[in-house]
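Right after this note come the structures.
In the two complexes that follow, chain A is the common piece, with chain B as its partner first and chain C second.
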Partner chain A sequence: MGVSRRGFLKGLALGGTTGYLAMAGASSTVLKDVFIPPAAVGDFDIGTCKSVKCTVVSETSWFNNKRVVQDMKDAGGLLVNQYIIPWSNTGVKEGYNGNNAGGYSALIDLELLDGSKKKILLDCGWNTEWMDECFKREGVDKMLKNKEIDVLVLSHEHFDHFFGVESVLKNCPDIPIIVPKGFYKEGFDLLKGASFPVAHLKNDYPHTGPLEVRESGKVHPLFPGCATISFDSAIICRVLGEQGLVFNVKDKGLVAITGCCHMGIISFLEEIKHRVKGGDKIYGIQGGLHISPFEDWDPQYDDLIQALPSYGVEVLGCNHCTGYLTAEKMILAGLPVVQGTARFRSKKKLFLGNGDQIVFG
Partner chain B sequence: MISLKNEMWLESRIMENKIAQPLRGIIGVLFSSIIFYILWWIFMDPRGILKWYTPQYGYMYIRWILIVVIWQAYVFNFWPFSLKWRENTHPVITGAVLMFVNFAVVGAVIWGFFYHFLGIYSIPYLSVDKLVGKGMTEFFAREYSSLAILMFAAIASWLSPIVTVCFANHPWQNLKQPERGITIFCVTALLSILAFLCLMHPHYHVLFWPWQEYAAAYPWWANFAHTLSGNFNVGWVMCGTVSIWMLEVTFDRYPYILIKNKIRRGVVGFIGVLLFAILLFVTFNFIQDLAWGPAIDGAKRILAPDWRYQHSGELAIMMLIPAMILNFYFDNGPKKYSAPVNIALRMIIIIVSTMVFHWLYYKFSPSILGTQAAYSHPQQFPMAPGILFICVMLFHNWFMDLWPGKKRTGNRDVMLDDDGEEIL
Partner chain C sequence: MDENKALEAKKSWMDINWPGFFAGLVLGAGLFYITIRIISALMFSRTAA
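For the complex of A and B:
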């Protein structure tokens, strides 16, 4: 099949013009302005509280980074179900009594405007022996026994935030628990007293209190000046869903407290901005920011560090899965990272460690 | 002068239908699906046997299987196997042997060339051992090196077919094998290495700490792409790969085939492929903006700019799958109208099928493939199963003559003139 030069040039001109218009149209701001609605301004009033104090009960999720990554690799990679991974629980030199498992847990003391107080336990760690010691160190065990802790908020189902639930339930089996939507059947079974021998996991103290599953995509009030927001994040080791806490501290602004923040701290801040009244002023952050938990890296994390200063956060507490490398880079970028004391087996002072506290308000 | 068989054996095949449509098409898709699933279960599935989909490690092998199958059939015209062997052997045997050769070459390239040659003597991030030796966790050492190695293949699978599809093997069309294969291999390998150094090597400037500012350029796309990640280039290169293959399977090389001079055709075709790739890339980015809102600088997952770019590449692959199914198993219909009309109708079928496939993939992949239910997950890439399925379809067509739905009854014995045109 042949074609004249004129015919070909006509076709080229027609195709080129159509292609150009298609590309220019698809990428033009005019088209985006027409089809993409402007971002919502947050209007959900969560109330106001006087102050928020966060005590790091344990931010040491595991003691040997390479070991925990090797456990996942040996089991088949980062997509394998966490309940069937034989986590190293003996013979780890740096571990707690040879067990590589540690855990993440934080105690949040909330002071309301009327002076009354609420206590929230955010996550319950992993290794029950280690968590028992951490709870004892911070007096959490007695608070649980005395029913001083109002609620256990589980940020997500991950082993290092949830598998230590026995340490909480043995002291207070009827504590109210809030989980994000996405918990798997195994997670609910663990709360009921199931065991998972392959993962060296058990709970001999079935939960008897109220259990609430919080849907994603909306703000859930918890106490005056405090709410949770859930996300549909898919996470390694076959975990789905995570929630974070947001507080409105009088005369300061909003404070975001996270467990691991797999949804990304910027996504969390944006969600707050677009849903919560006063979301344009983020005063503080605390918690795991899930950037380089295994001291691994991705250029996407540099994008985050470069973008975070524009949010104007005044106090940046972080630890755990934030990663020391991230903290080092954040400090170099001029972000107000609150440094820790490196006690109770936290390794560096770069961020808040075990037993450290941060107060907002 | 060279015969069509020696120039491009696949194009000389005379195929006879053994089963009527649509049963033939359905059986063909089922056959490929079964082979795909066996391979996925053995090598990739996190619930399977070898569990290589960690994800980059397994994904690397898949990318290399694709480029090696292109080398085998398009670049080397099945050399070192004789065409007589290819013609006289049962398709199941040729399929098994050529697949085995494919896997062996992939293993040799990855383990021999990258891990133990290039990684040791030139760029350490290509060698797991070198990275582990620097104190890196073995798992991430393997993932980092896998990403780099697979990107070589991704770029090559975009550039290698261009010589055949756009240039009709010119100016080397009259060379015999293996001279022609080696020549095209060397030229496209050189171009792929250059492209890798410009498109992916800067990613490694910022992947390590301290930044490798003396060894690699700062990502030049950072300001306008709003990310330092090489995923920006992954996205449009994937669209480029899909673009060249759609030119082959859906467009039947139209309209560039109208240009008689093969070098001119090649240059115009290459530019056309690039423009079509950018069009796909921009359009898929825009569709994502419509679905999920604009990407946000520094955000993760579904809102991350770099993931959006990568997902544009994934969407392109999802478009190529129905395009190949239509060509390989359903006779590339419709065919009865003029070329532009046929192509337009095929594109409508492909776009609708892509939307259906997209929905099916995210609905059923967790139970079928052992992945997680989510659009954006930092540890999974729909491109991996997608490209493996494409590889299996290529095996089925190029190595097995689409057995059992079709049977190759012979080959057209025609000669080509110096310009690559058939001598009537």
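For the complex of A and C:
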């Protein structure tokens, strides 16, 4: 009896090992789809457009990295409310008339399938003098006055993307504005005409048009072939929430356009993939990718660069908070980074700069 | 005698208890199946930490 039980246990052990290994082999080969289901692909149909052209009005958020970082440190660190940080606006050699502030803004020209066109202004920069010059250079000021721009989409509340709103509202006070959920009271007050002297910030032109707050976790259609997606990202300087734009270009695929992408470019692409129809093919990317904005590097960014090609990106426009170092590494990794022209105070041709354009479609 | 004992030992070493083996086969395969189901559920969960 003892021998029989021992023999049974031996057989059990041998069979158990064989069964375990056999199932491991089967699950990674012939039965792979049973055990590891293919990732869900989105089914939200945002429609289709003919083409998207993005003009970089300004990608120079500030002129001196060290100064902007020092401003934040002197105020108490990265968690301090941006509306009470005394940003350096004089005595900066590289600055615009001594002011370190610049700003980020892009003009998106969307051509629909029926040939009609829409214009989206993504973000409005920071320093109103600098933004006035940039808007004049690209004709945005005239477009605003003539009400040719359909909507101002604010990607997030950060100083370099939003504090220059006076430059927009002085030309078109009733422009429709879309913000992501998370804007603070100060942001809404600024739109209404408030001023924040400590931060050298004001708006003398109260917004009189429609204002829409977009909830996170959903795809929000904007125009045929165009939508926004908002994220509940907690960001430095007491900012919450960011939204990005996604376009579906006919015969090409989806295009992701961001302001700063604080939620992370991989998170943004994954969200598009899981929510938007056609998300298995991301044709293009444009905007700030927030990888090494202060030209610092972390080994995790190497993983990020290695992950990007798996989305099938064919056209990669980036600038601003992406970092020149990131652009160099992406180019070395064979990613299709579109080069710029280094004009109008953009420093290098490594990526799209002020006044540069990128077309999808 | 010793030779017979050696032959007996060798024979019992080579014998497989087939009921035990098949029971183990099912158990082992089942154990792996449960493991991979748990892991894939966690991997592809959008809410799990």
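Here, the second predicted complex is superposed on the first by the 321 of 361 C-alpha atoms of A that agree within 3 Å, B and C clash if a C-alpha of one lies under 4 Å from a C-alpha of the other, contacts with A are read in each partner's own complex, and residues count from 1 in each chain.
Everything below uses one rule, namely that contacts are C-beta pairs under 8 Å (C-beta built on N, C-alpha and C of every residue); 3 or more make two chains touch, one makes a residue touch a chain.
Here the structure is a predicted model, which is why all the values come from computation and not from measurement.
When the two complexes are overlaid on their common chain A, residue A:K329 makes contact with chain B while staying clear of chain C.
When the two complexes are overlaid, the chain among chain B and chain C that reaches more residues of chain A is B.
Contacts of A:L78 after superposition on the shared chain: chain B is touched, whereas chain C is not.
When the two structures are aligned on the shared chain, A:F35 is found in touch with chain B and with chain C.
When the shared chain is aligned, chain B comes close enough to touch A:L308, but chain C does not.
Once both structures are placed on chain A, chain A residues 3, 8, 11-12, 15-16, 19, 22-23, 27, 35-36, 39 are touched by chain B and, in the other complex, by chain C.
Chain contact summary for the complex, chain C toward chain A: residues 12, 15-33, 36-37, 40, 44, 46. Only residues 46-47, 51, 53-55, 57, 137-140, 143, 203, 206-209, 219, 226-231, 255, 257-260, 268, 275-276, 278-279, 282-283, 285-286, 289-290, 293-294, 296-301, 303-307, 370-374, 376-380 of chain B touch chain A when the two sit together in their complex.
Across the complex, chain B is touched by residues 1-3, 8, 11-12, 15-16, 19, 22-23, 26-27, 31-32, 35-36, 39, 65-66, 69-70, 72-73, 75-80, 232-234, 236, 238, 240, 262-264, 266-267, 270, 294-300, 302-308, 325, 328-329 of chain A.
Interface residues of chain A, counted against chain C in their complex, comprise 3-4, 7-24, 27, 35-37, 39, 274.
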